[in-house]
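Below: one structure in structure tokens.
Read from first to last, the chains carry the letters A, B, C, D and E; within each, the first residue is number 1.
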Amino acid sequence: MTVISILGFILIIIGLWGMLTQKNIIKMIIGFSIIDTGLHLVIVSIGFIKGRTAPIISKAVEGLDTGKNFIDPVPSALVLTAIVIGLAITALMLVYAVKLFRFKRSLQIEDFEELKW
Amino acid sequence: MVNPIYIFITSLGAAFLLNLFQKINRKIADLIFFLTLAVINYISLFWFYQLLQGYEAAKIYTAGFLPPYSINLYLGIEEAVFLVLINLLGFFSAVYLYKKFREISIKAMILYLVLIMGLNGLVMTRDLFNLFVFLEITSITTYALISLEDNKYSLTAGFKFIIAGGLVSTLFLIGTIYLYRLGGSLNLDFLVNSGVLNTKAGILATFLLVFALLIELKPFPANGWALDVYQSVHPGIAAIIASASSAAIFFVIYKFIPLMPSSFLPLLAGIGGVTFVFSNLMGLKQTDARRLLGYSSIAQMGLLLAALALIMQFDNLQSLSSIIVIIGGLFINHFLAKAGLFWLAGIVQKRNIRSWKIIANNPPLLLVFGGFILALIGLPPFPGFWAKWELVMQLSANNMMVWVWIILAGSLLEAVYLFRWFGYAVKNTEVEEIRTEAAQYLPVLIFLLGLLYLGMEGTHLVSGADSIYVLPVLLGVILYVLNWLPNKLKGSLCLLAVIYFSYRLLPALQDIYQLFGVVFLIGSAVLLITTFARKDIFKGFYPLLIIMILSLGNLLQAKTSLQFFLSWEFITITSYLLILRGKFSLKAALIYITFSLAGAYLILAGMGLAFRDTGVVSLAGLASIVNSGYIYVLLGLGFLIKIGIVGFHVWLPGAYTEAEDDFTPFLSAVLSKMGIFGLIMLAILLGEPVLKGIQLNYILGWLGVLTAFFGALLAAFQEDIKKLLAYSSLGQLGYIVLALAIHSHLGWVTSIYLTFTHLLFKGILFVAVAGLLSRVKTRKMYEMGGLINNMPLTFISVLIAIIALSGVPPLSGFGGKWLLYSSLLEKGWYLQAGLAFFASTIAFLYCYRILHSVFLGQPKTALRDVKEPSVWYIVPQYLFLFGIMAISMYPNLILKPVMSAVSTYFASSIYWEDYTVISSLGYWNGNAVMMVTMGVFMIPLLWLLFRIKAVTKVKQFNIVYAAERPDRPETTHYAHNFFAHYQKALGFLARPKVTEFWGNIAEVIHSVGALFRQLYTGNGQTYAIHILIFLLISYFILGVK
Amino acid sequence: MNEIMEQLKQIFKLNEFNQEREDLYFITAEKEQLVSLLTHLRDIHQFTSLIFLQAVDYIEDNLFQLTYMTHNYDKHISLGIRVKIDRQAAEMSSIHHLWEHAETFQRELKELFGIDFPGSPGIDSGFVLEGWEDIPPMRKDFDTVKYAEKTFFPRPGRKTHDPAEYMKNKLYPENN
Amino acid sequence: MNSVTLILIGNAILSLFLITIWGLTLNGMVMKIVARVHGRFGPPVWQPFLDIIKNNAKRTMIAHGTMFFLGPVFRIASGIGTYLFIPAIFGSTVFSNFSFSGDVFLVMYFIFFGQLGMALGAGESGHPYSPIGVSRGLAQMTAFEVPFSLAVISLAVQYNTLSITEIVAAQQGSILNWTIFTNPLAAIAALIALLGMNMHNPFSIVIAPQEIPIGPPTEYHSAYLGMLQTNRAIFNIAKLVLYMNLFFGGATNFITLILKTFLIYIFTSVAVGVAFPRFRTEQSIRFFLKYPALIGLLAIIIVSIK
Amino acid sequence: MIFGKKRKVVTKLENDGLKAEEKELFCDLPPRTYKGLGKYVEKFLNWARANSLWILGFGTGCGAIELRPLMTARYDMFRYGIAPRPTPRQSSVFIIGGYASIKTIKRIVRSYEQMQSPKFVIALGSCTINGGMYWDSYNTVNRIDYYIPVDIYIAGCMPRPEAIIAGFEALKKRIIAGKAEGANKYAENFSWYKANQKKIIKDWNMPDYNW
């Protein structure tokens, strides 16, 4: 457990708290974003190996044994994808927020409880 | 060989290109859209076919690297099946949605293609992160598709979905990344072998992974969002979510099973079971059709999950085919039926299930609807039936009886709300038409046909089944196709079929079976004549009837318990559908099917137990069971419910009364004997079982005599003639059960003799009532009266039938009574004999009531011109009448065959001397009684005839009326509340306690359902909290340490 | 009782007041005031019971006298209210809304005296005479002997005696 | 028809003839005795014969319909049949009647034959009193049949037979062999049931002459009524003979039969009948289902324990 | 002499008093006369009839009270073979217990016609003979024999039970002598009787044939 992953988890929990307690839809979306960010931190932290560099083949690392100097490249690759997906979802959520606001002129989550039981 | 990777290439490519093509021409874009779907279908079908031929599974590695360095896809036979189904659904759903797509924009099509691709990916990929990506692709496209339907409800639902989805993906990702950290790979196959499960963290990570996926399967109670989605989105999309998405996720979980520690499986099964039961419970209160489908969907997925998790735990799995039947059957059944129903919901356009009655205006649509409902409940001939059967058998074989009960209970709840819905649909009172388009209708129809086909295929996979049910169904279909023929011709065909069938079947049957064959088939054949009288027979009448009658025959020739149960279910369904045709039968039919199914499930459970003990499904195998008490109780209870034994009789009066008049005779005279036959068969096979030191037959005997008593007593207080006869039927069946329970030669002879005579006189009575009601438009007896002059023929047959029923010598009924008391006394059941005697005297009350209130007394002015019913009502009555007179004159005509049949099982305890039958206690000479009676009848009759010249025939008001003249026939006809004083004395026994009891149970169950669904507050945040709580609780239950 | 009378007199126009017995009084009221008087008596003075309703034909005065006999159960006093109505247009307002059984009395009066009570339920349905066609038989101008002779086939040779004369002759034949 | 059958029929006719005469005389005697209890002279003993002759000789009859016409036929056929299915005198060929046709259950059920037929005939008359009477009668019948059937079951258990002849045979020898002494509870239950069967007070609500003029047969008259009266005599005696056979050791000759039936009738029905007022229907139902039924149950239990 | 002229059974009456829809509810067959079965048989039967007199009491007036003591132990009519019977169908003697008003004559006629022949009528008290003390009443008939045939009159106001028993004895003699053929008389003079009845019964809502 690195500091980063702990930080990541703290962020996730904060985000979760925001998502579950805030009544405003925008605030919920922000909560979700925070979760996302925390998640990305966690992923990155998993692949981090102390003393190694980013797995980018450039002049700076030329000639070195890439296998031994780079951190694990897979999580980094994953996090890129995850960021993209997170972005897409956040965008979609915002779209929803806008559309919902148009219907009800409200962003309170309690105002959208017609469907139940 | 087409590489499966082309599925992704074509669909992604097409998705990108669609926008371009749309710029050129929308039509071309549409064409390409469908072409793409077709290509995907082609590829999956092609692979499916190849794999079936035994080709190797396709393994695809990206960029040519082997895993773990690359993402790999795998396409084996299991994947192929799922791909085929998903893609087929994708195609047909697209056809169905086409109009909607045209309305929105090309974006919908693009999203749709990507969604289908994502689902394909989910099925094929073996890489965790890739799985995550596909998961997100499907989710995002689904969110987007939902938002395209621009209404408030779908948007709210969509937002709730996103919140849940976001949580899921977060958890999934955490799980993935830690598995990677621990296992060093993202590849599923590598992870399984990596030993990550040996660590606590590994299990936690797996837990997160699996349960994140599980939430996508909408387990109870973390599924509020899903219900909202089902309720609000366009039915086409809902079909995709309910069927295709669920299928893909389910498959992913299936893929994960090797990864899971074995402790997960019971929990998964538990979650599945709870979801199944609770969703169905909450579905009970639901009135919105789509949300109802949502509940059903969730329940079905729960069942599937439970079944999967349970099967994986079996120690001794019998064969691969069992798995295929169970999982495949349940899955395909749900997949096709649910998609079809969602589509139907789109076609019908009605939200409230009560408004679905408009569907009755469109018979093909109604047919399809009924098919899907039956399939969903798991009734034959659909795959779900085989699956449930096999599941119950395998569960029992593995000693998981608790699961059998859970599944059966859930199924019963589901059946109740689905049949209630179906009932509303059948009862058409509106003229509103449904607009159907081929594009919408075609997919639905194709799916139903697919279900039917697969159901037929199921026959080959399940052990103990063969295609005995094909003949009835085939004949049914033929009759349905021949619908354009005139009714009488169809009826005659039906009659011919029954006669031919009995000609073939009867000689092949043995002793008692043969006798019941005569009751079932010949009885039905005679009763069929009644239907000729009707002009407005609905389309399905003869098809359903022929299926029912022939299935009765099949019941007799069933060699395996599956055949028996199959025929039993066929009879139940067809009779339910026929009852449902009655004008006000909605509630009665629902109660009927509920009790019938409950009985059937008891039988199923009993057969499961038998399977556990014997390992074979053959009926004869039952005989080898040593400790058969439980089986006897379960099967016996199932049969008794069908008979309507006291305590479970609440369905009977309603069903008999509200069924169409010419179908009620079948119910009473023929169908009620099903249960009797079952009991006799059971007794033949199991003998006299003892459970915990209690002689079960002793209890059965008391049940029988109490039924006889309460049946008679309740009948005496009825005003409705059909209800009266229904209760009378109940009482008579009580005698039969009582005699059966005696379990001696004389007892069984009595029982079968009573069965025969009951067929004869109840046949007459119900046919006569059908005829009567065809002329008199009321069922209230006190509104009739004096009809003897209008319909003398009917009166004579009813009179004879009543005399036979009441057991008055010289007619055949007395033989039954004499045999009954002789056998009871022989057995030493004195108190039962006393109560039976009391019941039989109470029977006089209602016997007289029918004759007097309907045929005698004061004719009503309005009914003065009523004519004798059509000849088709008269003919069957007189055929039965002939039977009664024949066996009254010569009781040995029937007693001798019955005795010799029963002698197979017991040593005979009665013997003959000429016409005298002698038991150990008494004797009876039916022939002499008849002769003496005729003799003593003739003497006074001759004297009266000698005086006939003095007789003046008078009219109805020429009565001594305290020197007044009567005013109106209505006030002079003493018929209403005829036994008021009896009610005062014994009415407290006739209070509807049992009905109240079952009513309260139903009420409680509904209330519990209503209570639990309060969970679904409609708030997206609450749903998210549900998800978290669900996870936490699951985690604690698992107790990962 | 006198107090009641005093009170009544202040409200209604009462013509005569006489006491027949200790517990039996008669008053004569105006035809128009009768219903309100009866209502008043019933509701204020507890004459809750209508014992009978009778008519007398005063053919000489050309009027019918109706007697409404009421009773007070608390004080055990009967009070008869007499009303005189015209004999020619014999009509009186109905009191069936005060006492339900009044309708039977009124039916009887309608049939036997021909006094009409408009609005009384079933006033035109027969009471005892089924299909009577002549003038109402209790009216004094109805000649019952003539009617009987005309209708009932009197047996010839029947002798009718004046009871007083007959007994006198029988007991004291010497007086003749 | 062979000679055996002819002899049988001849015997039955003779037996029936004698029993009819005795039945009518018994009715006359009872009327006389009841009158004496009242302190009257009462009608002559032969009054029932006169009534029957008169009724049959009425010049006019009316018919409400076929069932109405046949009702009395059913009734008297049932009365005669009931008698003919009972062996009247133990050991006598003439009086063994057609008892080979069936056992005691046949007799018990054959009673219903007439009741049903009569009720139907009465029903067709269209007179409301008839069905009122019938409904009372049927209701009461269900009730009094309970103690009676329990008693019969108890007897069947006791003697291990349902055949009346064998039951009588088992009671021969000594007066102490009679069922009334060997199984008194059954006898008591059955005798209370007999009160209901005979529809004497306190169970005369069925015919209640004051309210629903003689109940079911209110529309019957003339020859119909004559037949009903004849039946009343035959049926009454049939019941008495049945009771005599079941509980009082049967009869070995006609004199014993006359004596026993007379005594049973007098000491049960008549003695009770003249002394009690009438039950309402529901009261009599409750009555029969309470103590007599309990006694019957006890009789069964005691016998089956033995 | 009432029956001065011999009247035949005349034209069939049409049940005019009934509404059209009610006509089907009532019998429309006129009465018939009946002959005996032959001298000696009839003598025997008459003897039986005479000794089995079942009475239907029509208690219109004070006569009803005088009939009750007859059944008591003091007078005990049963010993003469006389018994009360609750319904006209089964009775053979019709006792009209006093004055008959217009209203009751309607019921008397219906009850009489519902009795089965041979049937006998005893008119009790002077009111039935000539109206008695109600001779001038507007609604009491004077002579009951104009409406139904009467066999025996028992005079008195009221006759005591002894008188009634004497009347029964007279009736018995009459029956045995074969003179009590009131039913035949009624049938022969049916239309005359009907005309008399209808003359006083204004709302004739009965059928003409009350069998």
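One rule holds in what follows: contacts are C-beta pairs under 8 Å (C-beta built on N, C-alpha and C of every residue); 3 or more make two chains touch, one makes a residue touch a chain.
Remember, it's a predicted structure, so these values are computed and weren't measured experimentally.
Shared contact partners of chain A and chain C do not exist in this assembly. Chain grouping by touching, computed with chain B excluded: A | C, D, E. Listed here as common contacts of chain C and chain D: E.
Should one ask which of D-E and A-B has more C-beta pairs in contact, the pair is A-B.
Summarising the inter-chain layout, the chain whose CA centre lies farthest from the centre of chain C is A. Here the chain at the heart of the shown protein, by mean C-alpha position, is B.
The geometric centre of chain C is 37 Å away from that of chain E, both derived from CA atoms. Remark: chain A and chain E have CA centroids separated by 115 Å (rounded to whole angstrom). Remark: chain B and chain C have CA centroids separated by 79 Å (rounded to whole angstrom).
Here the CA centre of chain A is 100 Å from the CA centre of chain D.
Residues of chain C in contact with at least two other chains: none. In chain D, the residues that reach two or more other chains under the touch definition are 58-62, 213, 218-219, 222. For chain A, the set of residues touching two or more other chains is empty. Chain pairs that touch one another are A-B, B-D, B-E, C-E, D-E. Within the complex, the chain B residues that touch chain E are 861, 864, 950, 952-958, 960, 963-966, 969. If you check the complex, the residues on chain D that touch chain B are 9, 56, 58-67, 69-70, 72-74, 76-77, 80-81, 84-85, 98, 100-106, 109-110, 112-113, 115-116, 119-120, 123-128, 131-132, 134-136, 138-139, 141-143, 145-146, 149-150, 153-154, 156-157, 160-163, 213, 218-219, 222-224, 227, 280-283, 285-286, 289, 296-297, 300, 304. Those residues of chain B lying in contact with chain A across their complex are 129, 133, 136, 139-140, 143-144, 147, 150, 152-153, 155-159, 162-163, 165-166, 169-170, 173-174, 176-178, 180-181, 186, 224, 227-228, 231-232, 282, 285-286, 1013-1014, 1016-1021, 1024-1025, 1028. For chain C in complex with chain E, the residues that touch the partner chain are 126, 128-134, 137, 142, 144-145, 147-149, 151-155, 158, 160.
Contact residues of chain E toward chain C in the complex are 102-103, 106, 129-131, 135-143, 146, 196, 199-204.
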